[in-house]
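Presented below is the structure to which this report refers.
By letter and in written order, the chains are A, B and C; residue numbering begins at 1 in each of them.
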Amino acid sequence: MTYDCIIIGAGVSGSATARELSKYDLNVCVLEKGEDVCSGTSKANSAIVHAGFDAAEGSLMAKLNVEGNEMMGQLAEDLDIPFKRNGSLVVCIHEEEKGGLQDLYDRGIANGVKDMRILDKKELHEMEPNLSDQCCAALYAPTGGIICPFMLNIAMAENAAMNGVDFFFNTEAETLKRDEEGIWHIRTNNGEYKTKYVVNAAGIYSDVFHNMVADKKIHITPRRGDYCLLDKEMGGFVSKTIFPQPTKLGKGVLVSPTIHGNLIVGPTAIDIEDKEATATTAAGINDLIAKGGMYVDNLPIARKVITSFAGLRAHEDAHEFVIGEVKEAPGFIDCAGIESPGLTSSPAIGKMVAGIVCDLAKPEKKANWNGKRKGILNPSEMSVEERNELIKKEPAYGQIICRCESISEGEILDAMRRPLGARSLDGVKRRTRAGMGRCQAGFCSPRVMEIINRELGIPTEKITKSGGKSVIAPERTKAGKGGEA
Amino acid sequence: METRELTCIGCPMGCQITVQLEKGEVVSIEGNTCEKGDIYARKEVTDPTRIVTSTVVIKGGDKERLPVKTKSDIPKDKIFDVMKDIDAVTAEAPKKIGDVIIDNVAGTGVAVIATRNIGIE
Amino acid sequence: MLSYDIVIVGGGPAGLAAAVAAREAGTESILILERDHELGGILNQCIHNGFGLHTFKEELTGPEYAYRFMEQVFEKKIEYKLNTMVMDISADRVVTAMNKKDGMFEIQAGAVVLAMGCRERPRGALNIPGYRPAGIFSAGTAQRLVNIEGYMPGREVVILGSGDIGLIMARRMTLEGAKVKVVAELLPFSGGLKRNIVQCLDDFGIPLKLSHTVVDIEGKERVSAVTIAEVGPDMKPIPGTEERYTCDTLLLSCGLIPENELSKSAGVELSPVTSGPVVNESLETSIPGVFACGNVLHVHDLVDFVSEEAKKAGENASKYVQKTLASSDKESIKLVATEGARYTVPVTINTDRMDDLLTVRFRVGAVFQDSYVSVYFDDERIMHLKKRIMAPGEMEQVILQKKKLAEYPDLKTITIKIEKE
């Protein structure tokens, strides 16, 4: 069959586009090389919904940032995912740099950011008592927020799937070309897919696909960002997202509570060549430990880290989102160079890209589109009575599997049973948080494996951390030694 | 004359003991700082033994592996022969602590016994 | 609301011994809450031998040792609930728990014994750089997979940390056919028993590299290599000393942390040194009627000492509910650990409430040879015990006599320190 539209990449941009397109009478599919949605850049970032004062005035980045930020509240409600406008602070530590805050403020106003204020030292310290004394002023943007990037990505994809979009995982687009009739042929490791329109949402690889079809080449540099995630004990250390004043390389090392109550410190910004090099380095982690403590007093980063990770931002040389149809390749629509504020912008990106597809395809709206999605239950927010009702109906909600995050078997089963359900330990983790706590899955991983085996029928020896060759326990003891009667 | 270097396991000191042997007989022991070290070194160079613990496959039980141990010490150089027998055996549930799983493991004359109870599935 | 005289949180070695002791001390109404599907706790996966020399005068494996106590629990018909997670403990001893059958339920406890044990330090907490592939396990998780579930985590193994679990797993994996390439230890000495170094590493020719740590983990999907390097006195890797090992598995045995989330939610005061509750001579925490024992209190080296300590906690909990635990307004004596001694358990002693003999447990912070454990009553040195060797991996103890303390009615502070002479 020939699809109306194929989206390459099930990251946050691809999934947002898929969800927008699912409103229309179109055959849409998403090709994802990973075993799950949210397997690339979307899974490793600051998890911040930026207010929008950073991006250059008049840029697409600025426009989509502010739009995305405005859309996020309703979207989070529709998709039943947690989102909080905790507010952002850009803090200044040198009197003579206060002018920089004013510049940011002015840019924010030009970009359409609402309700910003510049705080003096007193106000600032009242708001954030743990800031170090040298912090003398700050730009406060109450519209800044925090969100779970996994849940946002997963929920958008899930909702798209509910509304008829096909997702093909472990399916890597390799090459693509357009035939005489204008149909795009995408060669993958799983055979050829045909489509009228292609959306290039390939993240760090989006330059590769663009350059296959476009005359004017783009170049994406993987810009690595290391992060440290701190124990929930430290989650209340600051209540707002604390940024230093920005530099050329980005917004700098922020310290922020996460939507789930941890504290995140990061990112570094290191330009690399290898598009797969998501390894953290000692230098990167040490840099965070040094910089993360700059604006906050006595933050014991090194002692309270529960995990560190690195993500790659898809940094295009022009530092601008590349969105639009490539003239010389009709039907090929770029959604490239999506780096920060990509997560924030994603709802607006999805809308814009889908708009371009619709302008070309001119589809009818679906009458029965359902933009609401029910999230996985969060029993810890229920009353004891509600919880007991639930356990009576579904006893699995009475069995805690992840002790650190208090995640029950019921939530894990739900994560596997819903559309685009989890099939790996990371899949379960990103949907439920089982394994994301302070013991980092030491306790629950054998238990989650047992549930995956029972529920999905995947032999335990084949269960993976995140698909591919990431098998956890590749063989049985005694195998082939006679004891396996 | 043969020289053997040992670490004493008697206490956290971990004395480095040097034993001189002549035709298998201990001639001298040096480096130990107490009587325990002497006893340990003599045994370790003439007749080193170990308890082996492992698991065996169990069928029809509420677990898939049954932990076992050699009922007493076996010669140290037989550890892998013992493991070969342990790996090759399949037990049937139920089993109780002390049940004999292998009568005479690797010709040592020592039995392999269950170290936990396993009920029927 | 359910009501029990004593609720014991955790059915591992500490919880079992506390329950048995409490029953023997005359308390009928006891409930053990265990989150796993069986009693015995971590001992069920510790299938190696070496347990029980102090308690039973014979060498048992973990499951055998646990069963000795389980048998008593069964015989004495002490109640327990399995697959039951305690969700909260309040300061007035209301225990909230949950399981599939009963749902979420509350129990008013006359006394609570905290016996939750400890957990392993994960990779993240060690700040080890590199990729995050499959194949990185804490030693205890690997032990569960191998010994209980019957799965091999991998074939070629590097182990970081020479604590006893790491050493035991080196042998265990070797016996199951894996190749353990090296054990790296950050410190200049091993925290494990000499016996384990000899019988788990030397027996199989596995090298132990002291003052080494992991500086890189390779492999996008599954571990493919691990690089270790020597560290200097500042614990920082020394450039140029890197050695790369191809392997598919990295096991981490880098320390245990008492698991005190519940204690914290109850408002129990914790020690920054042990991460366990601060307790008095009765092993009672800062909340009256809440006792603690075993690895949740401080990480032990031998399970025999866990049982011994738990027995005391069980007895005292029983006295508490029977109102025979003397109440006393007398000011408590403070115990202070200094100069080589890292902490003491207990931290305070009320002589009105102490037994004739009181065991004070502590650990040292470094290796000491031919040194003395000195006990000062205020400024006067009362005990001076020569020790050939003391190491951080082993728990030390001194025994205080009530009789002796009675001779010092104005005593404020007992100090334990390590002295060269």
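In this text, a contact is a pair of C-beta atoms (placed from the backbone, for glycine too) under 8 Å apart; a residue touches a chain by one contact, two chains touch by 3 or more.
In this text the structure is predicted, and so the values were computed from the model without any measurement.
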Item to check | Chain centroid nearest the full-protein CA centroid | outcome: C
Next on the checklist: Comparing the two chain pairs, does A-B have more C-beta contacts than A-C, or is it the other way round?
Outcome noted: A-C
Checklist entry - Can you name the chain that lies farthest from subunit B, using the mean of each chain's Cα atoms as its centre? => result A
Checklist entry - Using CA atom averages as chain centres, what separation in Å is found between subunit B and subunit C? => result 26
Checklist entry - Hey, how far is the Cα centre of subunit A from the one of subunit C, in Å? => result 39
Checklist entry - Which whole number of Å gives the spacing of the CA centres of subunit A and subunit B? => result 53
Checklist entry - Listing for subunit B: what residues touch at least two other chains? => result 55, 57, 65
Next on the checklist: Two or more other chains touching the same residue: where does that happen in subunit A?
Outcome noted: 477-478, 481
Checklist entry - Considering subunit C alone, which of its residues make contact with at least two other chains? => result 146, 149-150, 176
Next on the checklist: Which residues of subunit A touch subunit B once you look at their complex with the stated criterion?
Outcome noted: 477-478, 481-485
Checklist entry - Which bits of subunit C are touching subunit A when the two form their complex? => result 35, 83, 85, 87, 98-104, 119-120, 122-125, 127, 129-135, 137-138, 140-141, 144-146, 149-155, 176-177, 215-218, 220-222, 237, 248, 261
Checklist entry - Within the complex, which stretch of subunit B touches subunit A? => result 55-57, 59, 65, 84, 86-90
Item to check | List of subunit A residues in touch with subunit C within their complex | outcome: 229, 276, 278-282, 284-285, 302, 305-309, 384, 387-388, 391-392, 395-396, 398-400, 403-404, 406, 438-443, 445-446, 450, 460-461, 464-466, 468-479, 481
Next on the checklist: Show me the residue ranges of subunit B that touch subunit C in the complex, using the header's touch definition.
Outcome noted: 6-14, 33, 50-55, 57, 63-65, 67, 69, 76, 79, 83, 97, 115-117
